[in-house]
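Chain naming follows the written order as A, B, C and D, and within any one chain the residues start at number 1.
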Amino acid sequence: MNPKKIGIALAGYGMIGRLHAMNYRQIPFIYPGILPELELRSVCTSRESSARAARAEAGFITATTEIEKLLEDPLVEVVDISLPNNLHLPVARAALAAGKHVYCEKPLAGTLEDALAIQTAADTGPGTFGMVFQYRFIPAVQRAKEILQQGKLGRIFSFRAEYLHSGYQDPQRPLTWRMKRESGGSGALGDLGSHVIDLMRYLLGDFESLQAHLERFIPRRPLTRGGTDLGEVTVDDAAWLRVRLASGALGTIEASRFATGTLDDLRFWIYGEGGALHFDLMNPNYLAWFDESNPGGDHGGQRGWQRLQTVQHYPGALTPPARSPLGWDRAHTENQVAFLSAVTSGKEPSPGIRDGLEVQIVLDGAERSSAAGGTTVVLD
Amino acid sequence: MNPKKIGIALAGYGMIGRLHAMNYRQIPFIYPGILPELELRSVCTSRESSARAARAEAGFITATTEIEKLLEDPLVEVVDISLPNNLHLPVARAALAAGKHVYCEKPLAGTLEDALAIQTAADTGPGTFGMVFQYRFIPAVQRAKEILQQGKLGRIFSFRAEYLHSGYQDPQRPLTWRMKRESGGSGALGDLGSHVIDLMRYLLGDFESLQAHLERFIPRRPLTRGGTDLGEVTVDDAAWLRVRLASGALGTIEASRFATGTLDDLRFWIYGEGGALHFDLMNPNYLAWFDESNPGGDHGGQRGWQRLQTVQHYPGALTPPARSPLGWDRAHTENQVAFLSAVTSGKEPSPGIRDGLEVQIVLDGAERSSAAGGTTVVLD
Amino acid sequence: MNPKKIGIALAGYGMIGRLHAMNYRQIPFIYPGILPELELRSVCTSRESSARAARAEAGFITATTEIEKLLEDPLVEVVDISLPNNLHLPVARAALAAGKHVYCEKPLAGTLEDALAIQTAADTGPGTFGMVFQYRFIPAVQRAKEILQQGKLGRIFSFRAEYLHSGYQDPQRPLTWRMKRESGGSGALGDLGSHVIDLMRYLLGDFESLQAHLERFIPRRPLTRGGTDLGEVTVDDAAWLRVRLASGALGTIEASRFATGTLDDLRFWIYGEGGALHFDLMNPNYLAWFDESNPGGDHGGQRGWQRLQTVQHYPGALTPPARSPLGWDRAHTENQVAFLSAVTSGKEPSPGIRDGLEVQIVLDGAERSSAAGGTTVVLD
Amino acid sequence: MNPKKIGIALAGYGMIGRLHAMNYRQIPFIYPGILPELELRSVCTSRESSARAARAEAGFITATTEIEKLLEDPLVEVVDISLPNNLHLPVARAALAAGKHVYCEKPLAGTLEDALAIQTAADTGPGTFGMVFQYRFIPAVQRAKEILQQGKLGRIFSFRAEYLHSGYQDPQRPLTWRMKRESGGSGALGDLGSHVIDLMRYLLGDFESLQAHLERFIPRRPLTRGGTDLGEVTVDDAAWLRVRLASGALGTIEASRFATGTLDDLRFWIYGEGGALHFDLMNPNYLAWFDESNPGGDHGGQRGWQRLQTVQHYPGALTPPARSPLGWDRAHTENQVAFLSAVTSGKEPSPGIRDGLEVQIVLDGAERSSAAGGTTVVLD
């Protein structure tokens, strides 16, 4: 590849595609010199007008509605996919077949079948395949990983992870692609649950078995706001998993779009023999750590949760200052840096195809367990 | 009954019995004149030395190790039971047969069979039967009940309730009666879970079905601290329930003695179409309420969680000041007042035998579901 | 004194008097056997009806409206004063002259002159003189004292202490004795400020100088609710102090009855070379401690505030459980225990007359500084 | 001016200059089309190597160490100044004289004399003069402004504003330009205090008088880390102000670099007759609002602080999502957008020269009050 410049194309330019594009522009200021120049070469969206607008806004050299055209450009080395889940397979397969590196939004695909096909394509081609599981890149999560790797928590007994959104509790909210199985793949489970499934797997290891329940609270919705024609919601509104990890730890996972009052409430608690950890995305500047080795004593002694000031402590980052509050988008930027660093160094990205696939296996197991009334599904 | 004086006997004088006794002494200062004089007549414990010590400490007129002696006293009108769960049935049955009113610590009994036998005895005798589910009497919980009764939350989609303790994660912690089925009945499920099961039923209505998993993290423990002889733990260390209420709402309940870093962490979240509620016992002065009817607007408008200052706002209470921080014991006192007020007015206490029984049915269902691998158990 | 029994009389039976009486009844359950039997012998209030009501409620043997009668009883050994500040001097002097021990609510007196006269009386008589500064006895404050005594904070640079109440911002709130200099002595400064002045002195040492401003936001108020006759408020509504301690540390103190939205918001922050401390009465179960010796590192390393779980960790207390939330009244009970233990052991109580006097000197200095436009007042 | 493109030059490229440059790159993604194209034309730093590095990193067309060269470029329309405070005057004056628009970091200058000279230059030239007081642009602060403008708080009694940093408490920390009067102008007061002075003035109106104390905790420091040669610190380490506003409200302001355990702890509380507001930069997603008009009632009724979910609710912003956590840098971007919008529309920017000057007058008054022992200084 060109050691001086990386050509990037975006497949999809919704809210997340726009964010990725903006972040590529920020990277040189945060980590000057660690990557070649990043060139935003092209963008592909479903309509010509949106493609043109995206080009104007972001400064892409070209814009198209045909993914093939985008792939023909030899200077495009990275294809960044932020499309509905059912389009991940065709676009990723085509990009990989064209020798491109692929950076793919979560979940890997709409179905396990699709995910396996992407894996096959990724294993076959020369390109690097990176996943977006950006919450791994919050400093508090990185710190949690360090504490766990140092064995500070010892045997893990249990955990709780939840990712709660609101907004869907309004029955008048119209049907969108996110509520249809053929486009969204799964609902809250895939959209939100995939993040916390990945986080728990990243921190605590592989999943062994699960029992799940998926619920549609509002099964039919208007096709348009205020309209009277209704369509069926074919994905879950909320999902509950009880899982056992390979380590023996037990956990519960909840994903919901019906959690009134929540914003972007991703939270976890991990309880181990040697201590505990807690994180809350809505106050992302801290990792709460309880170290069981602190002794008790008069008036309670040394025991208590420590709110580690992880803030924006990214090693080597020049701006924003490490002590000032972290924004949600920053972890996305770091995920992009990690992927591009893997591309330039030829290393396997983390998270990569395997991480995407493992999450998809859990999503698939949850669907199967729920369909069978909550029976135990062993994940192989 | 004597309109001027109520004679009270305590069966059991551990930490909770002592607390009840202390609270009876406080009631006249908090609510002067609303009850007859409360006389601490007698105490019954398992050993003569502890009975004597209890009498000296609390000022009981008599002390005994035989429950029958306690029941012979015609001036004892109320028997307050704070004994291991398996002793609830014999003592409650004898007290009710002797025409006494009974105030019983939760859970109602060690087994559903025992609980049903207590119910039969309570239905037969003239005495009033009151339960201790003191968390109902925290002002924040009372406020939650009011908001729910006013229909502010509309359709309830889901809830989460957890009661987490720590301390048992130490493998050297010796075996006690709380870890044996024949004395404790159940473990974290009965000891802690019973509280949040009652709270959710109190706030949201009856349970319809459940799936449960009970776990023993440390199945064998030393019989004495530092000893090498081991005995088997025969109750759960932690329990997870996924329940469906009669209203259709879905909920998860967790009870654990292995939640490192927790103290007395009873928390719940309730998500409804019209709003949401949150409570945390470790900061018991507030009920967090999200009112979905608050409009959005520039910079977010009026939307947000309101931390209602419930503090110690007990209507009519003269001390401590309503604005100052609530202590854990205060809800116990209020439960005692509610029971004694029912006794003097001849009304059915709330919580009463039916509440105790309903919780026991859920505990029993959870045991059966877990034993069968987590299958759905419908509660009748 | 009688080694088996301590006779206690209450001078004043408002909200605080009632609380003290209730607490004497609780002590045997919390610390069985550490004190002689406590007998509530008599109560003195300003009106016969309230005296009779207090006797009936609390079980005093006698009730009176004349302090002399109360002092005639040789079995009264302790006089507990919860009266308007201007009455502290006559009652304390009479009680001390009668050979009684005195337990006095803060502030010591309405004026420095009165306070010095009480000191003279206390130094002359055989009785023990104890002060109520109950916030010292919150476990989190005790823990702060330990950490400071161990030198963990090193040189103290600065502190902030505030005690904020609300309610007086309503201009229709009628004039009461608390708003008149002749009865209340001072306003927010004496009522609320005295607590945080004592706390900072207890934790950080003596005050050297200060600059102060006292403000009356609403100088005239109705004499009765809804009335049109107005009277003058002659004490401060809020007070601000900037102080320098003998140690060189600088601090700010704020006391206000006009802090809308506050309940019982006593908070402090202490910043030292080796660390920092923070406490908030509205969540009294924790002391927040920042230990500067924790090293930084990747993603922030070990740095962060630890929320020490002080809860109700009173050494030796049998109930309530140490892990459950602390109530506001509990620190009052502990202050009473400390005083009575001093009485029985013959030791000087802490807090005692000297502590009361030192706070009064600061109050007086603040009045003088404010009257002079905020000039520096050196405290001797 | 060119309606299609704005040429921007940066004077200074430290942490803040870099941040500004990065933010100019982000604006098109957040608000596509609301501004002309932004061209980063040139950068001026003190050393050639750093100028070259900045050009390479940020993509400036030219780099220089001579401000005159930068000003010669007719396509440079905006000069963005992020230099030590003593350099604000010469650079701003030269830029304004060259007909440029100026965007100036706070505080306006190192001295009031300099600030007045800048004002004269700004009033004379055709260019627009904008200030950086980015904390105004946090949605929670905007929401506070709206609530205050709607009169919800009524008469303001008092406020508290503090901006606390740590790090300087280490005596080995070497002397830098920020600790010297001739370069930094003032210390914590100017660096941190200027922000909260501006915020309180923005929210509550003009300052009328003040009393202040400035402290140097560590008056001499090593010139280099580990060195033995010491130099004098000539600015304050911490500053305390007690102020009266034109509205009659009283407030305290604290700025410190010695607040161990703090990160970027900007906090304020405002207490009014009709309610109260609270903000904490370390959890910037919320504005806490207490609305006194909410009625009390059983168990406290409707009273309590509401945590308004201001998050990233910037009207019209396309990314990041409004519901996800706000980063510190985002308010800087919004300040830049506001300034550039003023430039393109020809309106007076807010904050502008007048805001910078008013803050400088307060800074100057605080210096004078402290030098005179804390006497009252009336601000004209």
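Criterion: a contact is a pair of C-beta atoms (placed from the backbone, for glycine too) under 8 Å apart; a residue touches a chain by one contact, two chains touch by 3 or more.
Quick caveat, the model's predicted, so the values are computed rather than measured.
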Result of counting contacting C-beta pairs for B-D and A-D, higher pair: A-D
Chain pair equivalent in interface to B-C, over half of contacts matched, among A-D, C-D or A-B: A-D
Of all other chains, the one whose Cα centre sits farthest from chain B: D
Distance between chain centroids, defined by C-alpha means - chain C, chain D (Å): 41
Chain centre separation (chain B, chain D; CA means) in Å: 54
Distance from the mean Cα position of chain D to that of chain A, given in whole angstrom: 35
Per-residue multi-chain contacts in chain A, two or more chains: 305, 309, 311
Interface residues, chain C side, partner chain D - complex: 157-158, 160, 162, 169, 211, 213, 215, 217, 238, 240, 242, 250, 252, 254, 256, 258-262, 269, 271-276, 278, 290, 292, 305, 373-376
Of all residues in chain D, those that touch chain A in their complex: 15, 18-19, 21-22, 25-26, 28-30, 32-33, 53, 56-59, 165, 263-264, 281-285, 309, 311-312, 318-321, 323-330
List of chain A residues in touch with chain C within their complex: 139-140, 142-143, 146, 286, 289, 298-311, 313-315, 322
